[in-house]
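The same chain A turns up in both complexes below, where it pairs with chain B and then with chain C.
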Partner chain A sequence: MSRQAQSRPQPTTRRPADSEGQDEICPVCKSSRYLTPTLRFLINPECYHKFCESCVDRIFSHGPAPCPIPGCHKTLRKHKFRTPTFSDLQVEREVDIRKKVGAVFNRREEEFEDLRAYNDYLNEVEDITFNLINKLEVEETEKRFKAYQRAHEREITENASLAEQERASFAALQKEEREQARSRREAARREDAEEKRQLEENRRDVLNRLASGQDAESVAKAGQQVHLKKRMDRAAAAERQRQLQAASASNGSGNVVIKGLRAKQKQEPEASVDPFGGLSFEGRKYYALQDDYVWAGVQETKADVLIGAGGYDVGAFTGRALCEAFAGLGVFVGDEMDERDREKMGKENDEMATKGAEVAATKGGNAAKGKVKDVKMEDPF
Partner chain B sequence: MAQPLSEDDIYRTSTQYRLWSFSPESLASQRKKTHELAVDRAQRYADRDTHLLTEGEELRLVQRYCEQIRTTSDHFKWPVNVKATAVQYLRRFYLSNSCITYPPKEIYKTVLFLASKSEATHVTLADYARRISTDPEAILAAEYKVMQALRFTLDVRQPFRGLKGCLMELLNMAEGMIGHMEGVEEGMSEGTVVAERTKELPSPGEGSHTKWTPPSNGKTQLKHVQDRIQAAYSAARVLLDGPASLTDVYFLYTPSQILLAALQLADGPLTGFYLSSKLPTDAPVRPKILATISACADMLAAFNQSQVLTKDERAKLEERLEKCRDPSTKDLVKAFAAMRQDGTGEDGAGEEKAKRRKVAREKNEKEGQDLFGPSLTASGT
Partner chain C sequence: MKFWIEDLPVLFPYPRIYPEQYAYMCDLKRTLDAGGHCVLEMPSGTGKTVSLLSLIVAYQQHYPEHRKLIYCSRTMSEIEKALAELKALMKYRTDQLGQEEEFRGLGLTSRKNLCLHPSVKREKSGSVVDARCRSLTAGFVKEKKERGEDVDLCIYHDNLDLLEPHNLIPPGVWTLDGMLRYGEQQKQCPYFTARRMMPFCNVIIYSYHYLLDPKIAERVSKELSKDCIVVFDEAHNIDNVCIESLSIDLTEDSLRKAARGANNLEKKISEMKSTDADKLQSEYAKLVEGLREADTARDEEAFVSNPALPDDLLKEAVPGNIRRAEHFTAFLKRFIEYLKTRMKVLHVISETPPSFLQHLKELTFIEKKPLRFCAERLTSLVRTLELTNIEDFQPLQEVASFATLVATYDTGFLLILEPFESDTATVPNPIMHFTCLDAAIAIKPVFDRFSSVIITSGTISPLEMYPNLLGFTTVVEESYAMTLARRSFLPMIVTRGSDQGQISSGFQTRNDPANVRNYGNLLIEFSKLTPDGIVVFFPSYLYMESVISMWQGMGILDQVWKSKLILVETPDSQETSLALETYRTACSNGRGAMLLCVARGKVSEGIDFDHHYGRTVLCIGVPFQYTESRILKARLEFLEDKYKIRPNDFLSFDAMRHSAQCLGRVLRGKDDYGIMVMADKRFGKKRNQLPKWISSALMESDANMSVDQAVASAKRFLKTMSKPFPANLQEGVSTWSYEDLMEHKRKLEAEQIREEKNGEVNGNMNGHVHGDQVMAEAQAAEEDMEDSDLDAAMMEIDA
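Right, the complex of A and B next:
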């Protein structure tokens, strides 16, 4: 007996002895699970110290009180106590922090237009979380956290309600699916029973008929035919069922939303380029372009296969030649220039003259003179 | 909202109109100013008693070099547009620079090379320099200077293509093919009438440049009219090539007016007839346009080839020019090399930059040699 007990392997789930002792004994009243099997431990997310339920009742029933663990001066309230989800309290704390951060930083991937921005955001969130968990630069991180919360108050609530809706609709969907599965099973069971009942009936019918003295062969045949028909019905029903399932499956997949970045907004199609910036050359005054010109220069070019093959149109030449023949016919340079000179005394124009020479002079190494302003290169008009 | 542009508006968008068109007075005052500034500068470095060029002499020297450009261009067998562009570049250059500062002897080769580039008649610098037996550096040295003086506007509107347009239209009119024009004189909108009238035109008067003479039997056929048009075209082209390049018409008139003036000189009645098919009789600008064209024609007619300097006269002027050379622009090649070396070519502020650049260059060279580390013997010891 004792030998057997010795050879029994230690259960792998057991914790090391020291932590077990701590786990199982309330640090305040020292009652242990060994003596009180119903002992429940609670924690407070303020300091994550663990007390037994009766201690919590005893100490905090009359309102907030300091944590009884020596050295921990946090003030705790009873309603904040809860049963820990994880036995490792570090994990418990991390999960709490992540929940808290996640409730504020709840932007969704769909809100971002490019992956880079989304990843930057995720990185920021993770930075804050990491700092809070590991207690690095706590104050500054808290400040950042608060600032973000203040700045994005509206979006946060919006996203939260959106998430809530999604959760609700997802739950509804799942419920519906479960319901459907149940009804399918029910129908199958009912069908089965019906079939069995009919089979029985059929057999009884055949027996009855045989008993009443009908021809054995024809009765057996008729019975068989009925059976066959039933079976065909069943096959059809199965087929129907399968189709139903396929349909519901495809329905289900129709509800699946593929999450991703926000679809880029289609940009306005660019307006076609107008190389002349809204000017048209239809305002001819002095000539009308004709379809053909008898001049040999035009005719020869037109007939030349080598020129035409490249896509050259002799109309390009005739149009240009005529435009150039009359471009400026009605421009009276003398008058117009006088007018222009009167309007704006073209200072730059005049100064251009020997200033250029002077610049060259300094370039040539004649450094006796002072600085000379460079020639203005831009159009002075 | 397309804004219709007439031929005149199109011409007004050109840099030739905006920067290089003058009234006779403003052109004269511009030249005077340039000359005076140059003389002023010359007083600083030249002896009191040196005999500077007068403004008229300068002008004739420039004209001589326009002639020089034409012969050089013909030597290269370049098309007429290169020639015209180069001549205009030279004339434009000497609007804001004086021969005293930059002798045209050094400038004209650069100008011709620049024109060959901007008119897409490609020739390599080495080839070009070899064929006019000049140092390539000397051609490049003045290039930037020229570009500055041209205010970086390289477009020269020329009458040659427009003249072809007129030829085209006239030939069509002789055949009775006309484009529809608003408001022109009675009968000018009827093809057959126009064709008839071309045959009845009075013969070109005494002193016309055309080589055409009316047929001896007095019966003018279509063929004769065509010959007349072609002859007028050729004569006008010669006028545009010669006198138009060597006078100031490009500054004072538009290419359209210049080419019609040349046509008028070539064959007055024909041009008059042509213009009557273009200009509405009741248009208020009609008399003004006709007056402008004849003023331009007078200017072209007044040009006398014998006024152009002879070689000896040129040599004399240049000898005088050499005495009053501006020392700062004397060695353009050296200045250009210096500018290329340190990028700025300016004194003072540029010096430091040049030094830095030199250090960087040396370092670069060293690194270039040390690409695969120092030589083996050096690293071994």
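Right, the complex of A and C next:
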């Protein structure tokens, strides 16, 4: 102990940080901590000037009043006064501003795909905060701030709730861990006691048997063996316990969410919309679509402003007309008949094989047939 | 002498070798071949260092890989001793081989010990020397000079640049003194010579901290290759060194200084903004790119480096919100202010890093991630600002490394805030301990990086505790007994006083007058019978003070005074060294002296009481740690949770290693003799925790004595010791000449062949010589010879 005391520097004054002169004196009533040891200071987040409690009561009890510090013309209300957390009021103010900024700029690391972007975001947020704290370019910063808030309203609330959840789960985890540690220690203590008790019991047992007049040597040997066996059992149990714990520990670490950047997903290029499910009407083997046709109907329609204004395109009409005209050419009836026959055979086989699955089979068969038909439809030209 | 271990020719600089030295070398070679770690315990005073060095040097020179040796020791004097041994060894090798080998051996110590600059070296404090040296040698100072500005430079350092970078000093072994002389001659800086030559050395000898303390290790030891052989000598306290290197204590005072440092930084930044904004901008740009300072040339002047950090973190870019210098200082100020607020709490708090971080985040919106980069960011900033008066920023740096550690490790650390010095104090003097509980964290990089780590000491029992505590696996764990031609030390456990009352320094009985009187009687008796010096160890300063005052009241000291001069160790190191000096003078003249000291003090570690400086060591009480300390309690809890080491086991292990250290102080060689008295009834049960060489010499009959019996036994022992004992009686028993060694080898081989014939030996056991085997054999030989030889010697004398 004395060595410990040696290594520790002696306190020169009680609270050196606070005793730097005016910190301890109320600027309004000039009462100092030296004379009133119960002195408490309060601040108002409007201007961060601090007054003693009794001054606050005196000045602001009758409603809002201007700050009594000369030069500060802010109007303060009593209910806004609170005890400062930090002794450095600059930091107090900074933290309040951070609270405000942090509530809005709460994007999480998981939302970013690369570190650089995240760091840039952090940098930007810090810039805004810094400007607000040091009152640089206040208006512009405020504008940026507001703009961001408006733009990301939904994400902000979402992230806020996420953070809340996280906090709750962290607290729960902590509690659980403490509980576990406690129970482990308890178990160890119990085990120790048990061990001691058994040892004692064993000894008593040996003594009893000796007293009852058994052969001393064999009794001693038997006692030792029992003792040895018990110890081995305990060792094995301890080993099992350890393994169990190791296993649970590894499980435990599995639950822990590893925070970090969002996993990088290669965005697949979005497939273009295909309303016909893979059927292609573009394979125009048998005809070519022209831009223009020399036919009065087409020409007139094209020239009519009224029709064009509605968004009607003559091309759609000509294309469709041609498509319909050549539609039958890609279908070979003979081949298709053969195909159908083969299918029927297959279906019959199925039926023979499993009667129980008949319904399913027919259903499946129907579906299959439908599909086959679809497939057949492919490339009709 | 020259002999072979398997295929390795070993040159041993003495004509005779001890059996345990041979066994030690065999095991060492086995470890190196296997490429693993080992724990070896060899009795103090049996030439551990020289056998280690001669085997490893032989190994280096014989095999083509030329693995480098990093030899870490604890104190300056041990480093010097090792260097001197190495020098003698290399001289012998040169003589034997007839040619000088291309070999470099260097020692490294702090700037304070190696500085040659006429004004800097006059500074007393090490940190001042460091700071002044940096201001004269830093890279940017030199740049300024080249730009033509008027700045001072260190001529010794500049001269180094004129030399070839890989040949700053000629081959050979350089002791620290030798380096200083050479440096003075050639006008070159010995410190930087040693630092820069480290990659080109065969052997480096320095203190633990250069490898274990992560703040230094990264700078000094990072170029060492993976196949280096790392030796930790006197490593019985290594776990505490590890823990200390990662623990940080913060006080209100240091926080205030840190806040001042942050303000100064801010000022410097605004100054720089007005004069040289480009520099800050370029630093910012670098940080944006996530580039790390690749400038290795500057590294040796670096101000701080990071505490042990995982590699992946080191490669990451600094988070965006502390990228700008002014943001970072604001960040630091906020953090310091938060710590100050925490300090105001008037009850004890102990919390884990995660809960600390949670609270920090709630109060100040400081996230974990920027906190983690705090130390690195500060280093970078200090470098950019080209600050030279770095000692002003020491507290700030401490806070920054605290921040980094607290954000990096979730487990293995604990924050303990003690607002009062003691339970009874009413004036708060808060201190925040950030304690590392897990010794494995600091040493892990060493085990990860180097394939062979050898941990050795005179007292490192129980061996299996260390791998467990430090988190590594061994290929060899061995403890050697001491072969002696006669019983030259007498360990005794005294459990009862002359009134048959039990003696103990246990909490309930420690101030019991009967108990103290019994201890006093023990002291009087031994002061009467011991020639020359007696060393007495107490468990703590507090207990020592109270016992001494009680003895004074009982008139015990007056009686001791009749036969010995009494000297006392104090926490003050100046006073203690004066006492030590007086003690030595008194031992060399007249009736001798008695030194009362503390088992965990300065005297118990590293000061030898060889020969007449110590004939008796008295251990009064078992030196348990102060168990009410919150830090210790936390550590015990952690050990139980993580390593399944029971608190009582650990406490007893720790107490026994310290008492073994104390006992080992008096026996420093085979020609030395001494009495070791353990005076506490609790020692009876802890016998098996003593090092093997002590416990094997402790006879059953000596393990439970009263004061009277102990006195009688000690008298008998001293009588035998007072007979002359010519050195030739030791030959072949506790010292082997070459022939004895060959004889031993032949016997061993014959044994092996016999065993192989019996087919009982499994394949990998017969490949090597086992330490135990050697010992047992030597012991047997000793018993054979002792009687006849002794008789013969006696007859000679009689005639």
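Basically, the second predicted complex is superposed on the first by the 240 of 381 C-alpha atoms of A that agree within 3 Å, B and C clash if a C-alpha of one lies under 4 Å from a C-alpha of the other, contacts with A are read in each partner's own complex, and residues count from 1 in each chain.
Everything that follows uses one rule, which is that contacts are C-beta pairs under 8 Å (C-beta built on N, C-alpha and C of every residue); 3 or more make two chains touch, one makes a residue touch a chain.
Just so you know, these numbers come straight off a predicted model, no measurement behind them.
K.L.:
By residue count, is chain A touched more by chain B or by chain C?
P.N.:
Touching more residues of chain A than the other partner does is B.
K.L.:
So, does A:Trp295 touch the first partner chain B, the second partner chain C, both, or neither?
P.N.:
A:Trp295 contacts chain B only, not chain C.
K.L.:
Quick check on the superposed pair: does A:Thr38 touch chain B, chain C, both, or neither? Answer first, second, both or neither.
P.N.:
neither
K.L.:
Check whether A:Phe130 is in contact with chain B, with chain C, with both or with neither, and answer first, second, both or neither.
P.N.:
second
K.L.:
Scan A:Ala325 for contacts with chain B and chain C and give back first, second, both or neither.
P.N.:
First partner only, chain B.
K.L.:
Determine, under the contact definition given at the top, whether A:Val333 touches first (chain B), second (chain C), both, or neither.
P.N.:
Once the two structures are laid over each other on A, A:Val333 reaches chain B alone.
K.L.:
Mind working out whether A:Arg185 is in touch with chain B, chain C, both or neither, as first, second, both or neither?
P.N.:
second
K.L.:
Which residues would you name on chain A as touching chain B in one complex and chain C in the other?
P.N.:
none
K.L.:
Could you pull out which chain A residues touch chain B in their complex?
P.N.:
Within the complex, chain A contacts chain B at residues 278-290, 292-295, 297-298, 318, 320-338, 341, 349-350, 352-354, 356-358, 360-367, 375, 377, 379, 381.
K.L.:
Applying the document's contact rule, which stretches of chain C touch chain A when the two form their complex?
P.N.:
Per the stated touch rule, the residues are 251-253, 256, 288, 290, 316-324, 326-327, 330, 333-334, 337-338, 340-341, 354-355, 358, 363-365, 369, 421-422, 427-429, 431, 540-542, 545, 571, 626, 629, 637, 640-641, 644, 646.
K.L.:
Provide the residue numbers of chain A that touch chain C in the complex, in ascending order.
P.N.:
Touch list, chain A to chain C: 1-6, 8-11, 14, 16-17, 85-88, 91, 94-95, 98-99, 102, 109, 115-116, 118-127, 130, 133, 167, 170, 174, 181, 184-185, 188, 192, 238, 242.
K.L.:
Write out the stretch or stretches of chain B touching chain A in their complex.
P.N.:
For this pair, the touching residues of chain B are 1-12, 17-19, 21-26, 30, 33-34, 37-38, 40-41, 95-98, 101-102, 145, 148-149, 151-152, 157, 159, 161-169, 171-172, 175, 177-181, 251-257, 259-260, 278-279, 285, 288-289, 292, 326-331, 334-335, 338-339, 345-348.
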